[in-house]
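Across the two complexes that follow, subunit A remains constant while its partner is subunit B and subsequently subunit C.
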Partner chain A sequence: MQYEIHNGLVLIFAATIIMIASGLPACFFDRRFVWTQRLTTALMLIGSVLGWWGLVVASFGTPASSIVWDWHLPAGHFSIGLDALGAVFLIPVFTIPVLGSFYGLSYWRQSEHPENGRGLGLFYGLLAGGMALVVLSRDSVLFLIAWELMAMAAFFLAGAEDEKAEVRRAGWTYLVATHAGTICLLALFALLRQVSGGFALSTVVDGSLTTGIAATLFVLTIIGFGFKAGLMPLHVWLPGAHANAPSHVSAVMSGVMLKMGIYGILRVLTLLPVTELWNGEVVLGLGAITGILGIVFAIAQNDIKRLMAYSSIENIGIITMGIGLALIGRALHRADFVLLGLGGALLHVWNHSLFKSLIFLNSGAIMHAVHTRDMNRMGGLAKSMPVTAGLFLFGAVAICGLPPLNGFASEWLIYLGLFHSVGAGSSTVWPVGVAAVALAVIGALALACFVKIYCVVFLGTPRHPVHGQPHDPSRLMRYPMMLLAGGCVVLGILPQLGFPLLQNAVEQWMDPVAPAIPQLASAAPFQWISSMAMVFIVLVVGGFVLLRRKIVRQAPALVGTWGCGYGLATPRIQYTATSFGEMLVSLFRWVLFPRFRRPAISSVFPAKSEFSTEVPDPVLERVILPAFRQAGRNMMKLRLLQQGRIQIYLLYVLAVLVFLLGWGKLGF
Partner chain B sequence: MINLLVHFVLMLAMPPLLLGVINKTKALFAGRKGLPLLQNYYDLIKLARKDVVISQTTTWIFVAAPVISLTGIVMAGLLVPLGPFQSPISFTGDLILFAYLLAVGRFFTTAAALDTGSPFEGMGAAREVTFACLSEPVLFFALLVLAKMSGTLILGDLLHAPLTVGIQGAAASLVLVAIGMFIVLLAENSRIPVDDPNTHLELTMIHEAMVLDHSGPLLGLILYGASVKLFVLSAVLLHILFPFQSGYALLDWSLFMVEMLGVAVAIGVVESIMARLQMRHVPYLLIAAILFCAFGFVLLVR
Partner chain C sequence: MNPLLNALLVVVLALNLFALGTSRLVTVIKIVSLQGVLLGLMPFLIEGHLGWRLLLASGGTILLKGGIIPFMMIRAMRDVQIKREMEPLIGFLPSMLLGALATGFALLFSKSLPLASAHTTPLLVPASLATIFVGFILLTTRAKAITQVMGYLVLENGIYIFGMLLMGAMPLVVELGVLLDLFVAVFVICIIINHINQAFSSLDTRRLVALKE
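Right after this comes the complex of A and B.
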């Protein structure tokens, strides 16, 4: 038995255990006892602090460390380890859930939700700890156990309000999608076991694979983890699950859990031999399609949380483009592609976890104020919720990739990498440059999307009367958002802070035989971006203060908005979320398939009528659901097997087992 | 050092003159006398001294947006070299920063428009962000062509590529890119055939509809920012159209100014002889521009 103790890893492992168990003590108390939630949050905090402590300790120790124990399962070992790639993904795991947990103290009070408060805390801890364990696992059996722990916890979290039919439907879609992914992962790890001879997730498969097997491994990786990450067209579960979960859960699911799919892709790719060029091109293309379609679908939404969920798909697309570029670099032995592509992708993992959690937490505050997710019924909230509006603006500007906030830093790295490929000279690489145009389109569409959401929700005048006076949320909800917004600013101006870790992660991911990797700091002159960002902020703040002073001194006449001579303007004449996105929706109607319900005017004096439009997910509505319905019809005969008695199902299991054993004996 | 100073002075002082030249050209075509050449300077001074009227609907975004937008445009202008001279600030990858600084301005201008709660301004904002989605790829294809020619990612060196590398073998690409960039220049600066800067109160406007509620210094900042944007994008276009250098600083600067005025005249001519497109046809024009630049890229790398 190997038994090598490394302080950092032990701390992180302890943190993982504490997080997994954080919701357990609360279950022994009465459901009306309010201290249970505080206890759960305190345990999450302890876990996160321990985890961060471990990361800091580990970064000063040896980079690779591991713990291996035997266990009583027939396969694999209990084997965990920590390296730079894992550390990159552990940082959001130890940051976002704990902030969400504090937010939940006010957002999802035990006293207001006695029926599911404790359960939510339990599964929240399981999700956070499960994700940490996914990253730590170095054995495919343990990995799958952790993966299922995470996936099932997320199922119960997304279904927290299971008294609503919509929530249950979203939950089932998620359950089917996540298990479709897991099936691919089972096949992947079985095949990996076949070619590498073990379950350990550290043996690099040597280059003796046939192209067929290598391609199968690659495709299984992309599909299996793509379900979790939300790559198009495997994203079908994502909008529903994110929209219907409580907001702090959506923040963790979108900010952290999707990244586990990205982590899985990156981890398995470290095990495979040098990839071929087409692998990278496929991933790059998938990323570009996911990014563009994700944000186009987002623009078409009027449900604030569905919109944010689609925007997560877009960001996953950007990250995937970075990975695709890195793969192309690995195939062509171009260290600069790998560095900029993977460096940008990993930085975007952090950035997205910051700004997407921020705006999901924000959406919770908005929903508390206006009791709806429909943006067409909101408006003018900046007046009554100035802090929320200001914090949302940070998230919106960052997510559009605009300087001086953090979204720009990571997109800039990926852009640099893509532009490098054009100057590379090799005739096989130049199509990669076109991906830079795709990224530019994504950026412009994201801008349209987040101008829409910010302005429709916060600016203008309220489109619909609200029960009670909307107000900023309590401090418990504000402070986590402020910390996240602060993170967006810091990583926007000084992304260099993360460079040492990113550099290590990229070097570890890169093929060992590849040429030496340049330093990230020299490949991307961030000191210029930092100084430009600071000059920009100083100029803007200075100019604003001067202008403001002039205006205040003048005491401007307060009047209504100029209605071009029309005096009876009502809030209803404002542009709505639907009308703002209408032009883009009609530009992309060939992929969105928007549904209109137009009034039919039949008489000379038409009666009062209604118009409505909606854009359901085209993949789910037009492909998956019809296919499932058809399959359901065709498989009616198989219902004979479905007896509804557990004993009979156990019999099936036994029969299959005997069959397989017999098959094995015969030696096929 | 002197060149740096000239860059600043020209970039900050010359833009309103370009608008004056455009107006004069249009007046000539129409057989009118037209506004004085310097009218835009007078307007800006007048606006700066006026008081502000602010709608009660608005928030601080409404006041901040003109400042942010102008700052973004001016900082983007510092990355673009004028004529054969070096740009004040240049570093690897500044070409992306250039595009995104302009985008920051767009974010806040459209936000300020929606801040008023006016349907006209909402309409203008929706069109602005939609058409930007189509003009952004044009710009990036153009940058790709120049990056391929020059093998660098520094905006200054990249734009100088037709000058330093020469146009041999890339002439066809450059012509296509120049056409595409000219269309983007018209679209981004709200010129005919995409938008008409002279009418305000129509349902068909883009940029002018967005600034209906701005007044006094706020409007001044917006108009000035728009003219600087015209100047900067024209300077980018000139690198592709006229890659010439005499070697004498004084001559080069005068040549550059004459070229800039030439672009202004060209815009004036286009505005005079063309009608504004129907709003639903604008995307086709921009998609044509994308295709021009994409062809240019494919021709170069084939």
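Right after this comes the complex of A and C.
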């Protein structure tokens, strides 16, 4: 077989292989050789550059290409391909991990983590390459192999600090959740093979399915991939795993890996005949619930990384709402719904991977400075870490969907789609109207959430003495964050840059419907967005500079913030993270189940006492863990079989043998 | 079909019962090795001619089952200084009766099996089933590790008899592979016996309960 070097797919496949193997050379060297980490990063860089090169080549050449090889497995083929939908998801894969790898050079130095530095590099490359392979594979057997490669690599990454009990616990939760999802995927692909006659992920199932089978396929898709994406009742693994992983790993997991769940849903939906309206309504409703509850849980958190993990769930909810709208459009043969819903969802995939990675890397810088994830122990960091604080502001504004940054553009597309749908007066006014309100609620709550985090972490005065003076991180950690913030600005001002690719992806996705599809660029007045964003930025920057001059000239800041003019206030009178969220937490008490431990005042002169709150994940703590504990107790009865005597075990074998003989005889 | 073959199989069945009824370990080892030699002769009776393939397979069987394994077992027995199976879970006479019962069951059962007509005449299938059952009885009712190894060998002999049905169809490599497996298994077991003896000062496998979680 011959391939031209100008074939984008070949370049991307080579990039995938290099990324998968990037951590391997370091494993052959002693843990004291700290330069191996630079080797790993260099390989990641080579892989990413090759991947981007391939994407650029492919975008100028033939859009869809594929490679098929036979292999020795009993089922399937080694079959990979590239199309517009895949390219949309490959862009974050070739962008975020390499930035995180550079960040890791300073954040997770081999010299400071000799025991797990090499392993982290190995699994980091496996995760990145595995995700690229997931997107490339066009065969369900290969897809599952790549999927497990990705999932297992993430397990070992999340458990990097496995000497801590909390990390191990989070790792086990992740392992159970990811395998629960994989079981659904196995069932899904087995059923798909039944109805389509092959393992290839390109045969579109024709519309002759019975409604029962079509519904089963659809539900299996949503549940199986929903576990990875973190749709709401299936999100249980997400907060723990993200909070306990090293920060650059959290950035990749949240920024890219969750999107693989979204990719899976979209890819399988291209194969299924979606004609029923309820499919889209269910996805829309799931997205709305995921979004609202995700951000509500985020507000209730005091652990900065758990908060960000819940915020990722919220963003997955927004993306899912876009997909739901697109599904409704497909069922109603409305190309404009599909265009706006899916276009917004895919743009939000990019945007979220940019700003969520940015703030996860940011949280790593904060943790390096203050050595804790508890926001109640932080405060006043804007004075000691101005660069980090400024970069966090970029991420926070973008994630709240505020103009002029990128979160606005994608959420606006979804809004437009929802308004179109309501205005069209179709049969879906009711659910779509509610979804539009839900999206607005999500936006408002996200704003509250990030105001809380910014105020508590960066403003005010330090709440607790910190070991050493907090300071901005090194350049290796700063530059990746700056690049990500730059990406947020560019996509915020010029979202049109991505439109050609998004347009192709949307057209490819809605192929089965195929009415004439309008142009994404003409669907919304984006030149206005660009120019208004520029004006806005000029105003904000100008106002900031002016204000700063004035303040610097006038008032020397001797007194701490929140001092109310009183110079001797202690930091303890500041609002804490808990008190910031208290109102919203009590509003959503019926779903959050917060635990308060209040002091009881019993005498005239009460002694020193303590107050504490925590908001554990209610799905995990109230449903899943009790169910597992009950199952564990019931399974204990099976321990009766374990007698520890070899004779009895052999008797079991004999019993089974006799049973099989008898059964076979009856069967004849 | 072949009176000599049937006669050999009857002897094998009788040896089974003999193995169940004796408490002396040396006797059990000798019985099982004799059984192995008889099994090694059977391929000639079935095929009715000599060939290098047949010679290799039969020779290997006889050498291993009649020579090497008994030698290893007797040495293991001498090392751990045990001569008798003292306290079986089921007594010697009852287990012999149980073996006879199992043999009868096997005879009855194999009559109703849907076998190809070429296989129905000789006693091969019932003898195989009966030997497997006897192996299981030895394995489940005896306490000493060495007797259990003998049970395992009897069980393997039963499977070997069943393999005779496929004599012509099975490649030589497979047969040699099976023999090699057996050899390795017994070799490992001999080592384990020594270890059990050192760790528990006894070969009573019932003491392994202490390893239970």
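One rule holds in what follows: the second predicted complex is superposed on the first by the 598 of 668 C-alpha atoms of A that agree within 3 Å, B and C clash if a C-alpha of one lies under 4 Å from a C-alpha of the other, contacts with A are read in each partner's own complex, and residues count from 1 in each chain.
The rule we apply is simple: a contact is a pair of C-beta atoms (placed from the backbone, for glycine too) under 8 Å apart; a residue touches a chain by one contact, two chains touch by 3 or more.
Predicted model, so just to flag it, every value in this text is computed and none were measured.
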Inset, instruction - Check whether A:Leu587 is in contact with subunit B, with subunit C, with both or with neither, and answer first, second, both or neither. - result: first
Legend entry - Touched partner set for A:Arg622, first subunit B, second subunit C, both or neither: neither
Legend entry - Which of subunit B and subunit C A:Gly644 touches, first, second, both or neither: second
Inset, instruction - Have a look at where A:Leu445 lands relative to subunit B and subunit C in the superposition and call it first, second, both or neither. - result: first
Inset, instruction - Would you check which partner chain A:Arg38 touches, where first means subunit B only, second means subunit C only, and both and neither mean what they say? - result: neither
Inset, instruction - Go through the superposed model and pick first if A:Leu661 touches only subunit B, second if only subunit C, both, or neither. - result: second
Legend entry - Per-residue contact with subunit A, leading partner among subunit C and subunit B: B
Legend entry - Partner chain(s) touched by A:Arg169 [first = subunit B, second = subunit C, both, neither]: neither
Inset, instruction - Quick one: which bits of subunit A touch subunit C in the complex? Just the residue numbers, please. - result: 642-648, 650-651, 653-654, 657, 661, 665, 668
Legend entry - Contact footprint of subunit A on subunit B as seen in their complex: 51-61, 63-64, 66-68, 70-72, 75, 89, 91-97, 99-101, 103-104, 106-107, 110-111, 114-120, 122-123, 125-127, 129-130, 132-133, 136-137, 139-141, 143-144, 147-148, 151-153, 201, 212-213, 217-218, 221, 283, 294, 297, 301
Inset, instruction - Please name which positions on subunit A make contact with subunit B in the complex. - result: 379-380, 382-383, 386, 389, 393, 397, 400-403, 408, 411-412, 415-416, 419-420, 422-423, 427, 430, 433-434, 436-437, 440-441, 443-445, 447-448, 450-452, 454-456, 458-461, 524-525, 528-529, 532, 535-536, 539-540, 543-544, 547-548, 550-551, 554, 556-564, 569, 571, 573-575, 579-584, 587
Inset, instruction - Spell out the residues on subunit C that touch subunit A in their complex, using ranges where they run on. - result: 89, 109, 112-114, 132-133, 136, 139-143, 148, 205-206, 208-213
